[in-house]
Structures are given as C-alpha cells and as structure tokens.
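Chain IDs A, B, C, D and E follow the sequence of writing; residue 1 opens each chain.
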Amino acid sequence: TTTDPVSGEKQQLRIATTTSLYDTKLLDHLTPIFEEKYNAEVLIVSAGTGKALEYGQRGDVDVMMVHDRAREDTFLADGYGTNRRVFAYNYFVLVGPESDPAGVKNVTPEAAFTAIREKGLTGNSSVIFVSRGDASGTHSKEQAIWKAAGFNYSTEVKGSGDWYQEAGTGMGATLEMANEKEAYTLSDIGTYLAYKGDLDLVTIVDEGDILLNVYGAMQINQEKFPDVNSTVAKDWVNFLISDDVQKEIASFGVDKYGQPLFYAAQNDWEKIGVTEAEVKNPIA
Amino acid sequence: MYEIIEGFLEAARLIVTLDADVMAIALRSILISLTATVLGTVIAVPLGAAIYFGAFPGRRGLINLIQTLYALPTVVVGLLIFLLISRVGPFGFVRLLFTPTAMVIAQMVLILPIMTGLTISALSGVDPVLRDALRSLGATRLQFFANVMKEARFAILAAVAVGFGRAISEVGAAILVGGNIMASSFASSTRVLTTAISLETSMGNISESIALGIILLIIALGVNLVITAIQHR
Amino acid sequence: MIELEGVRKEFDGKSVLAGVIGRIEEGEIFAVIGPSGSGKSTLLRLIDLLDTPTGGEIRIKGIDIHAERERSLTIRRMMGMVFQKPAVFNTTVSENIAVGLRFRGADRGKIREKVEEALDMVGLTGYGERRARTLSGGEMQRVALARAMVIEPEILLLDEPTANLDPVSVATIEDLVVRINRDLGTTIVFSTHDMYQGQRLAHRIGVLMKGGFAQVGTPREVFTLPATREVARFVGIENIVDGVVVGENGASVVDAGGVRVRAGRLPGPGEEVSLCIRSEDLRIAPADAARAHPGKNALPGTVTAVVPRGPFSRVAVDCGVPLSSVLTWKRVDDLDLREGSRVVVSFSPESVHAVRRD
Amino acid sequence: MYEIIEGFLEAARLIVTLDADVMAIALRSILISLTATVLGTVIAVPLGAAIYFGAFPGRRGLINLIQTLYALPTVVVGLLIFLLISRVGPFGFVRLLFTPTAMVIAQMVLILPIMTGLTISALSGVDPVLRDALRSLGATRLQFFANVMKEARFAILAAVAVGFGRAISEVGAAILVGGNIMASSFASSTRVLTTAISLETSMGNISESIALGIILLIIALGVNLVITAIQHR
Amino acid sequence: MIELEGVRKEFDGKSVLAGVIGRIEEGEIFAVIGPSGSGKSTLLRLIDLLDTPTGGEIRIKGIDIHAERERSLTIRRMMGMVFQKPAVFNTTVSENIAVGLRFRGADRGKIREKVEEALDMVGLTGYGERRARTLSGGEMQRVALARAMVIEPEILLLDEPTANLDPVSVATIEDLVVRINRDLGTTIVFSTHDMYQGQRLAHRIGVLMKGGFAQVGTPREVFTLPATREVARFVGIENIVDGVVVGENGASVVDAGGVRVRAGRLPGPGEEVSLCIRSEDLRIAPADAARAHPGKNALPGTVTAVVPRGPFSRVAVDCGVPLSSVLTWKRVDDLDLREGSRVVVSFSPESVHAVRRD
C-alpha cells in the first residue's frame, strides 16, 4: 500500500540525515516534490552520523540517511533498520594547500596518506593533516584509507604527533581549519564545492576506488518500534530510487557548481559495489 | 571583515523584504523563548523566595548547587531532556521530541538555575527593616512574599532579562531536542534563530549568520525595552 | 495584657536582655526608657514576634506568643509597630499607608478614606502621591506611624517614634498617641530617649538598664523617687550627693564629706546613701539676703558656672559638694549671678530623696 | 534513562582513573574559562562602575543595550572573533585562530555584557547614604569606587559566578575560534569540556557526554565554593 | 567662612530652598532649626557638595564650591558630615571609623591610635571589633560621629546627630562637640529638632522656614525675640496673643479682644501685632492673694488645665485670652491649683515681645 495522495490528514515523515548530505540542499530540493505527491510533511533532522544513528536506534525517526556502509550494516544487523536502498554516490577528495608541501598531487589516496604521514612525522611542521575526528562517515572513510595504506589508525596515526590534528567538528569547520593551517584534509565533494569560494585549498587527490562515497536510505524497523510511520517511510525510499528522482539527483548542483554533486546510483550498482536490488527494487 | 557589513546589509534586506522564512524563524524564536522565560519565571521566582526565606538544613549547600548549575552546558540539558522524551524514554509516549514544546521545556530547565539564583540575590537586596515592617503589618505568608517581591521588582525583572537572554541565545539544547527542522508548516518546524545561525555557519554562510544574529539582537532589544518600561512604571 | 516573664535575649552569646520582668496593662501607655544599647528596640521586636527570645515568656492576653507559632498571624495582627529606623516601601505615600489595610482585605473606598484621614492626622495632607523614598527623615517617620495606625491595632509598639521630629511635629504626634489611647483604648508601648516625652505620655515608665527593668513606676515615681543611683542619673537628676547617714540631735542627717544634709526619710545610721535633689527644688539667694529657715537645708557656696540651657540657665554652685540649680534668665539677671558670686543654696529636706548604695 | 546512570559511572571512572585525555581537557577548560572570567571581571567591573556612576547622555540606552547583549548568541560572538582573527581578517597576522588564546578572548567577550550588567545591579544595591558617606569622608574617585565595590562585594562576586558559569558552559564560540582540536601537545589542543561533549554527542555517545557534563559541573562547584568562601570572609 | 547667597534647591520642580541667605563664621557653632521637611538636611548636603543647588552660590573661604569642580576633593576634605539616617559600612566598627583616615593615607599605627581615642570619646570603648551592622540605632549614630570626627575637619556638618540618643549619651556628644569647637577651632554646623540643644550648643541659630531663614541670631534673640509669629510658635513660646495697638493714657497698649496688655516696645497705634510671652515669665497667684503692681500686667482668670510636663506642670488659665505658665509640681501643690481655681496671672511689660503681623 502507498499513502493515499488525496486523504485529508497530512502524514509526517521524520528523517534523520547526515549533515554533509543535508548541507548540499539536495533534500530541500526533493522534499516539496515528495510532499505534493504524497500529501505528507517531511521533517528533516540533520546531525552527525553517530547522533543520527542514535535517533534511529531510539525510534525517534522513520527514515535514516547516512553514508557509512560499515555502520549501516551493523545498524541493519541489529534490527534497527530495514530495507536499505542506495540512491546516490560521489567521491571524497583529498584537499590541501596549493603548494602541496607533501608533494602528493594525483598519486593514489593510500600513497598520499603514507607520504603525508611520513613528512608530518619528520617534524616538518608545514605538513599537517586535519581529521574530522568525529566518527562521522567522512571520518570512517579516512580511517579506512589509513588502514588500506597499512597503518593501525589508533596507534600509528591518531596522536602520533602534531602533524595529525583532530578537528572534532563538522565538515565545513574542518575545511576552514585546514585552510587556516594550510593543511590537508579529506572532504566530501559537496561540502568542498560549497566552501570552495572562500578557501585557498585545492583538490590534491580525487581519484581512487577507496574515495567512493555511497549514500543509502533505510526505514526504521517497525517491528522494533511499532509506531514509526513505515508507510510514508517506504514511500520516501521508493521515491528516492524512482527514475524521475534519480534524474533530479544526477543533475542537482550543475547549474551552481558547473558539475554535479552526486551521481545517480541506479545504473552504477556494479561500480559502487552494491546489489542491483538495493538500487532498483522498490520496497514492497 | 566585509562579512560583518554584508551581514548588516543582509539583515536589513531580510527585514525590509519581510523574508517569509526568516520571519517565521524569528517569530518561532520569540514564542519559544518567551514561553520558556514566562514558565521559568513562574517557577524560579517562588522557588527562589522559598529558598531565600526558608530555614532548612542544607540551604547554604542548595544555594551553592544552584550557583553551580549556572555552568550547566546547554548540550547537557538538551541531552537530559532528550533522554526523557525520546521514544524509548519514560515520557516517549507523549511524542514531544522535535517539537517546539520540547524546546520550551529545555530552555526553561536551562534558565531555571540562573533565574532562581538571581531571584535569591534580588530578595537579599531588600532592606530587612521593610521585611520586618511587612510582618509587623500582619502580612500572611503569601502577602509577605508578594510584597517583598514588589520591593525587589527591579532586580527580579533584571533576572527575567537574564533568563530571556540566555533562552533565546542558546542553541545546544534547541538543536538536540528540536532538531532544527524546517517543515512546510509553521507548527511542525523547530528552526529558530540560533539553530539557523548554526546551520548557516556550518554551511559557511557567514554573512547570513551575522544577519540572523542581528535580527536576534533586535528582538532581544525589543523585549528588554518592554522589561525596562515595566521596571520604571 | 502583656506579661514579660524572665525574657532573655542573647546575640552571639552576648546577653542583651537578662530576664526582663514586667506587666503592661490593657489600655495603658507604657514607656520604655534606658540608655542607648540597653535593649529597648530588642524588647519591642520580641513583643512584635519579629525575633525569638533566648529564654523566658512573653504572654499577651495569657497566650505565650512565641510558643504558639500557628497563631502568630492572629497575634501579630493585634499589634502595629513603628520602627526606629524609618523605612518606607518604594511606592507612593498613600500606598505605604494602605499596606496593612490591604493585608486585611479592606475595600478600596474604605482604604482611601482611612489613608486620607491618617495623612491628615500626622500632618502630611497632600503628600499622598509623593514617592515615599524622597521624603525627609521626619516625613518618613510620620508615614511609618500612619501606616501602623490605620490598622487600628489593639497594641501599638512605637520605637522612638519622634526621634527625627521637630517639637511642633512631636506635639502633633504626642496628641495623636494620647487620642488613640483614649478614644480607641489602644495599649501603647513606646521607647523613647526623650525623658520628658516619657513623662508627658506614659501612664507608667520602665527604665531598662543592664538587661532588666531597674525601675517601673509612674512618671512621678521614676522622676522624683528613682530606685537607684543609675536611674537617678539617667532621669536627669543633676544633684547626686554621696554620703553616710549619721545621727545628729536625735535625728538622722547625711554627712557628705563634712557637709551635713537633712533629708525626709533616711535609713538607719551607718548606711551609705546617695542623695538625689532635683535642680528645680534648689533655691539660690544672695549670701547677704539669706534668712535661716529652721529645719531647712541652707548651704553657703560660690557660683562656679552659669550655663544657658533651654529657656533657663543652669547655675552651678560649690558648697563643699557641687550643686546646681535651674533659674530663668530673668532671675539670673535679677540676682546678678556670675562666676564667683557668693550665694546660699537652700532646699527642704522633703525634696531630698535618698537611695541606698551598694 | 540508563544512560544517565551510566554517565555517572563513567564520570566516576574517568575521575578515579585520572584518564589522561579527560584530565587534559578539564584542565584546559578551567584555564581558559578562569582566564576569561578574570579578564572579564577586570574589564566589566570598572566598566559597570563607570556606567553606573557616570552621568552622560544615552546612559539609559547603553544600559538597555548591555541588557540586550545578554542575548548575544555564542555562535555570533564566535563568528565575529573568527572574522577578526582569521588569516584574512585584520588581526590575522597574529595567528590566533584555533588557539586557546582565541577561546579566552571569545569567552571574555561573551560574558562581558552580563558581567557588566550585573555589576551595575550590584552597585545600585548599595545604600545611597553610604555612597554619600564615602564622598563626604573625602574619598578620591578611586577610593570611592574601591569602597563602593567593597560594599557590593557579595553581589559582584555573584556576577563573577554567573560569568564563570557562562564561560565554562558555552560551546558555540569555543568551537568556532578554538576548533575543538585534539593535537598531541597540550598547548596546541583546543578541546575543552563543552566542545568534547558536543563531539561525543554528535557521535552518539550519550553516556560519555553526560560523564563530561558531570565533570564540568564538579569543576564549577569547586569554583563556586571558592567564590562563596571569599564572599563570606 | 561659609557664605550662603541666594541658595535655591528644587526637587522635580518643587522648591525646597528658595534663596537662603546667611553667613557662618569661622570657629562658630551654628544651629539650623526648623520644621520637619523645611530643608535642613538639604542645606547641609549642599554645603557638603553632595548635591547641586538649583541656583545661588555657596562660598567657603570665598570659593564658590559648586563652581570649582576640580577642587571639590580638596574642599570636601575640609569637611566632615554625619547623616541623619545612620548608615554604617558592612565591616567592623573600627574599620568604619578608620575609613576617612585611610583615604588620607594615614599610617596604621596612627589610625589605630586615633580610632581607639574616638571610640572612647563617643562612649563605645570595646566596640571596635563588633560588626557595625548589628549595632543599635544610637550606637550607629555615635559610630557615624566618630567617623566624621577622626579626620579633624575644619568644618563639621551634623544632621541631627543625637536624634537617636538618650539624654546621657546626648550630654556626652554635646560635650564632645563643644570641646572639638573649642580645642580645635572647628566650625560646626548642625541641624536639630531639639530646640534646647540648639540653645545649649550654638553660638547662633538659623530658623529655616518656608525656603529661607526666617531668623538668624543668638539663641537668646531667637528664643526671646522671635522675628515672626511662626518662629515664636516654633521655638516653643506657648503664649501668643493676637491684638491691635491702641493708645491708652498717652501710652501704647495692645487690645486683644477686650483684654488690654501692656508691652515694652510697640509699633504705632492701629498696627496688628502678636504678643509673645514665655510661660516661665508668667506668675500665677491665688486671686485673693494678688497685689496690684503698678505698671505690671495682672489678668484675673480661671485655671482650665494642669498638665504635667517634664519636671514641671503646665497650668493653663483662661483670662479672656488663653495663657499658660509652667510651674514646678511642688508649687502647683503649694498653691493648690486645679481646674476651676480662680487666679491672677501677672507679668511685666518687658517680658512681652510684640511682632508685627502681615
């Protein structure tokens, strides 16, 4: 069953989303379309990934939208979420000062990280890496890259010297800080583009499979929280993977930044390493 | 620095064009914080009076505790309220999370200590001879409190001003229990000026943040002028 | 009406009242006089339930007022008090006076009427709308009096109610106090440092000294027959002569360092006494014009000082013991008294009051 | 709700084990907020005195403005300081951004209005007769101020308590100009209790947040006990 | 030393002082008396630079003190003031007294010594370590006095300095004031509502009424030759008889509603005057015992009241005009005076002081 688009009482849909997704204004762009179509009211709460997941685990929202595969899997496995669908993806970028003191432009992400760490550890203070340090999706990705480069994050990276600094704040503030300190940092492309005008930072590395950033949406499990609104939640997830919306997503931001912020997930499921069902099959 | 000037221009623009979104946010700020302040006053003033005039063991310690709670961070207040009203919390069934009501409660809790503390200070400023005079004139407990309050009205209204300032300027609790939601209906939205400022800042829109800050201060100025007018009546 | 039974009050271990015993009758005007710091204000505050005694009982109409806390409002509403330090509420004069009536739920019309009447009585007609905080010291004191008065209490406690007032206002207030007492039968307890006020107004006076009443009596008793040397000095008896009772021609006289003084009533020989003689009872005559009155004291001496005092002059004479008298200026001029004049000071034995020393 | 209990246990654990990170953060909080409060006092008290005793046109308006600034949101304070000290700002050359010094400045600015306002209230509580007495006894301007201050010490120390509470509990400005940095050296780090709480919360670690909140309140209690001790000396 | 030239002060448009003119000499003790609310405190505050006059000039040693703001500290340090409302700093008694000395940078040893001395002089020895806020009204007033005194100012301004004190303390303080004036040559200006205090202490008295000095003169002048009917009433002249001057046997007498009164000096016939006669100058004799003294006034009448007052009684007699005299109790007893007694009231023309009415 889907929501009856003509019934009088508007239904409320509560979504918890990660900040970086919310800040791109993609959701602001999509919600009016959804609201009109389904006679619903969308309430979006944006928060750090951890806090967003907390809202989900307590049944305070109906839909969860984050970009941290590993933690999403746990969330699903623990039975808090259900029916995940992947609706968009893009890439993280390693940004840094134009002078590139570590000399890592256009190498692989793993190599770049290794070089930055090495230069940083020599005590040459002009090489600094600023980490989100807030257990966000971006931070998870950064940790994954350190791991892929062969380092134990908590012993060999974190706290290993003043070259590695944890910002402990949102993406925007972290970019501001990296800019101020002429440091490297890992950013999602959306936030970077939004801030680019105010920053002297340039893209250092933007290619590599490991930089892939996959956005998923899932329902909160009604079996665990009986009074979540699962009908309209399902509508929302299905809406996101519908053909029309996938097109909207793929073109969002082009007019403003000259390049898209997201790629539609629909046809690239292989590339991003998820099942076809996750990008195409509407929830029954 | 030009962002500051831009902020002023932007504030002027938002105000003269009566930007619908901004007006709604500002109105919501006023409603929520005023309600919290009124409720806070209704609780803190009698509470302060009870503590000031009360003679019970641990009174000194209680006053110290209240003064300590001045340092209660808004995020902690937000968290505590959040735990209480989130779906799995003891009051989850009321479904208050992400509503303006929740924000009112959080702000009220936040300002209670300082309003109570300042009420106690205000009362201790009243000449003891006047208190004796009231008792001597045959005041009941209630009449006594009401009249001491009247003598201390200046300082108590100053406490109200402090409470309102703290309520309307706080953001940590508002964002945790309100969620900074911008929905299509006024009543479902919980975005207020501070959470909007916070959002704009996180998006790097400094001028917009400053513009909203200026609007917030204009509102505070208005409320303060009203309080001053009452004080000098 | 008010019974004080061994009332004690200590502040931080320092005893101020050390067992005050006394009884104030219904309808009486009772003055409490005593040196600064003797505890007058403290006593009035205890009666008005504003402070708790360290010991003893205060009973009003037989009720131990400090024991029955649930009845304290009723008891307190029987009383009105004017404080020594005039303090007014930060509002208009009228509102200040209305407070007590409001507490008792009087209606607006009645309040307005009573307030006007009270303003009139304390001589502040037309001051109703003034902000009370800007009043002069005396004006404030009168507002405080009006405030306590309008509630028509059974007992009125006045702590130095005219301390800040000029004689004309004092007279107004005193008349008022007498009228309230007479017309309404109000029991009035007031403290004063104006001895004469005590005398003018009070039916009885209690002299508070060293933690208790050194003497309680009618003004006449207190002023002419003080119970102790301290009371005598305090009530303004200027001539206090210490001596020893001796026998002389079968009668008792007092030997004061060689000077012999006859007195009305004396304890037995050998007792140490202080003789109290009011200045007004001494007559001064030029040494040459003095005639010997049998049975009267007549001591020759030399004028040591002539000091103007009020409408009179105080003339001090050294007769072996220092004595001083009060004469009108005119009389001083007539007698041509000046330092060094030789005079005779005479006074009847009846005007000499002897108190035992110990 | 069990998170609250867990928070207490966690707080106890962190304290008894003297968790190095937490101790460093707590110490930094104390140092920064105490410094801000001391500086704030040094500026606000004379400023409040100057305004209270001054007779200049616009005095009433200035007091209103100060009261309005009670509502200055911490984020806005943070932004303004940020704009001034960021690399491209007028004081960028000093390179203060993301240093503890910047946080001290921001907190000081934040608490100035309320400390000034409360100083004014404190002074107006002093009996005018005493002020006259001081003048009459031949006090110089300075002696006059010092002695009026001494009479109002109770209320002024209460203002200091309010200022400290506000400084140590604020987060918006601290995060903007401090950056919540956790570096390996103590001096380069800018993480304080509130920013740490904020971070833990954003990570969904509610118990940890509450634990840090409890530690913050314990610190505030300590500071308040000291202030109370001074008041009653 | 202090010159008042047309000093005016308004509060919210209400005039309190309307052009006070006067001159206080160096080394003089000058008393300001006047009804409550007449502006005594206001005048002293203006002299002490605590308030600004609306108009006029106050000059001290020729300097217009309100014009020279840069010198106000120096000028103020010449003066010490005791306020009507006793207020003490929230610290110990000693610290309170030391404040002025500290301001002047006195060293610790000297401060301690002077404070002890001052405590002694005001009768508060041993009170040094007490918290000043817990003192009684009179004790506070004495602390305030000591505080102003220790700085040894050239001018001492005292606003009702003994309002809260008992007679014994009053005497101590008065002695102190006289001593300060005599030993140090301090100019002293004090306000008082105690007429007699004005007389006891002051070299000259200014009667403040209706915004200005109604009279300035020596105590004797003010008390025996009041300048106006109001002053006469204010200084306590009980017998004020209104009448018209008429000729009688070539001399002038006053016709007061049929009763004829001889007076010393009178304006020309037809003038409306008030006759002021002090109670003490009236003699009362039994109607039968009265001898006619030629040239003296002797008015027959009936006693209407005998009221005790201080050590005396006030006897009111209706002689066509109401007159009252003051007699000792003893004399009242001797003459057996009571309501209804027929008496003759006699007084010499010289004791009648006539003031023009207008």
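Following the convention adopted for this analysis, a contact is a pair of C-beta atoms (placed from the backbone, for glycine too) under 8 Å apart; a residue touches a chain by one contact, two chains touch by 3 or more.
The structure displayed is predicted, hence computed values, not measured ones.
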{"item": "Co-neighbours of subunit E and subunit D - touch as defined", "value": "none"}
{"item": "Shortest walk length in steps over touching chains, subunit A through to subunit E", "value": "2"}
{"item": "Shared chain contacts [subunit B and subunit E, defined touch]", "value": "C, D"}
{"item": "Chain whose mean Cα position lies farthest from subunit E", "value": "A"}
{"item": "Pair of chains whose C-beta contact count is the highest in the structure", "value": "B-D"}
{"item": "Subunit A and subunit B: spacing of chain centres that average the CA atoms, whole Å", "value": "35"}
{"item": "Whole-Å separation of chain centres (CA-atom averages), subunit B against subunit D", "value": "18"}
{"item": "Mean-CA-position distance for subunit C and subunit A (Å)", "value": "91"}
{"item": "Where subunit D touches two or more other chains at once, by residue number", "value": "176, 201, 206"}
{"item": "For subunit E, residues that touch 2 or more chains besides their own", "value": "85"}
{"item": "Multi-chain contact residues (two or more partners), subunit A", "value": "173, 176"}
{"item": "Pairs of chains, among all present, that meet the touch criterion", "value": "A-B, A-D, B-C, B-D, C-E, D-E"}
{"item": "Complex contacts: residues of subunit E adjacent to subunit D", "value": "45, 48-50, 73, 76-77, 79-81, 83, 85, 87, 89-91, 99-100, 102-104, 144, 147-148, 151"}
{"item": "Complex interface listing, subunit D residues touching subunit B", "value": "1, 3-4, 64-65, 67-76, 79-80, 83-84, 89-90, 114, 117-118, 121, 124-125, 154-155, 158, 161-162, 164-166, 168-172, 176, 193-194, 197-198, 201, 206, 209-210, 213, 216-217, 219-221, 224-225, 227-228"}
{"item": "Complex interface listing, subunit B residues touching subunit C", "value": "127, 129-130, 132-140, 143, 147, 150-151"}
{"item": "For the subunit A and subunit B complex, residues of the former touching the latter", "value": "10, 12, 14, 19, 23, 28, 32, 35, 41-46, 55, 58-60, 170, 172-173, 175-176, 194-195, 198, 225, 227"}
{"item": "Residues on subunit C engaged by subunit E in the complex (per definition of touch)", "value": "11, 33-37, 41, 84-86, 134-139, 142, 160, 163-170, 193-196, 199-200, 219-220, 223-224, 233-234, 236, 278, 280-281, 307-312, 328-330, 351"}
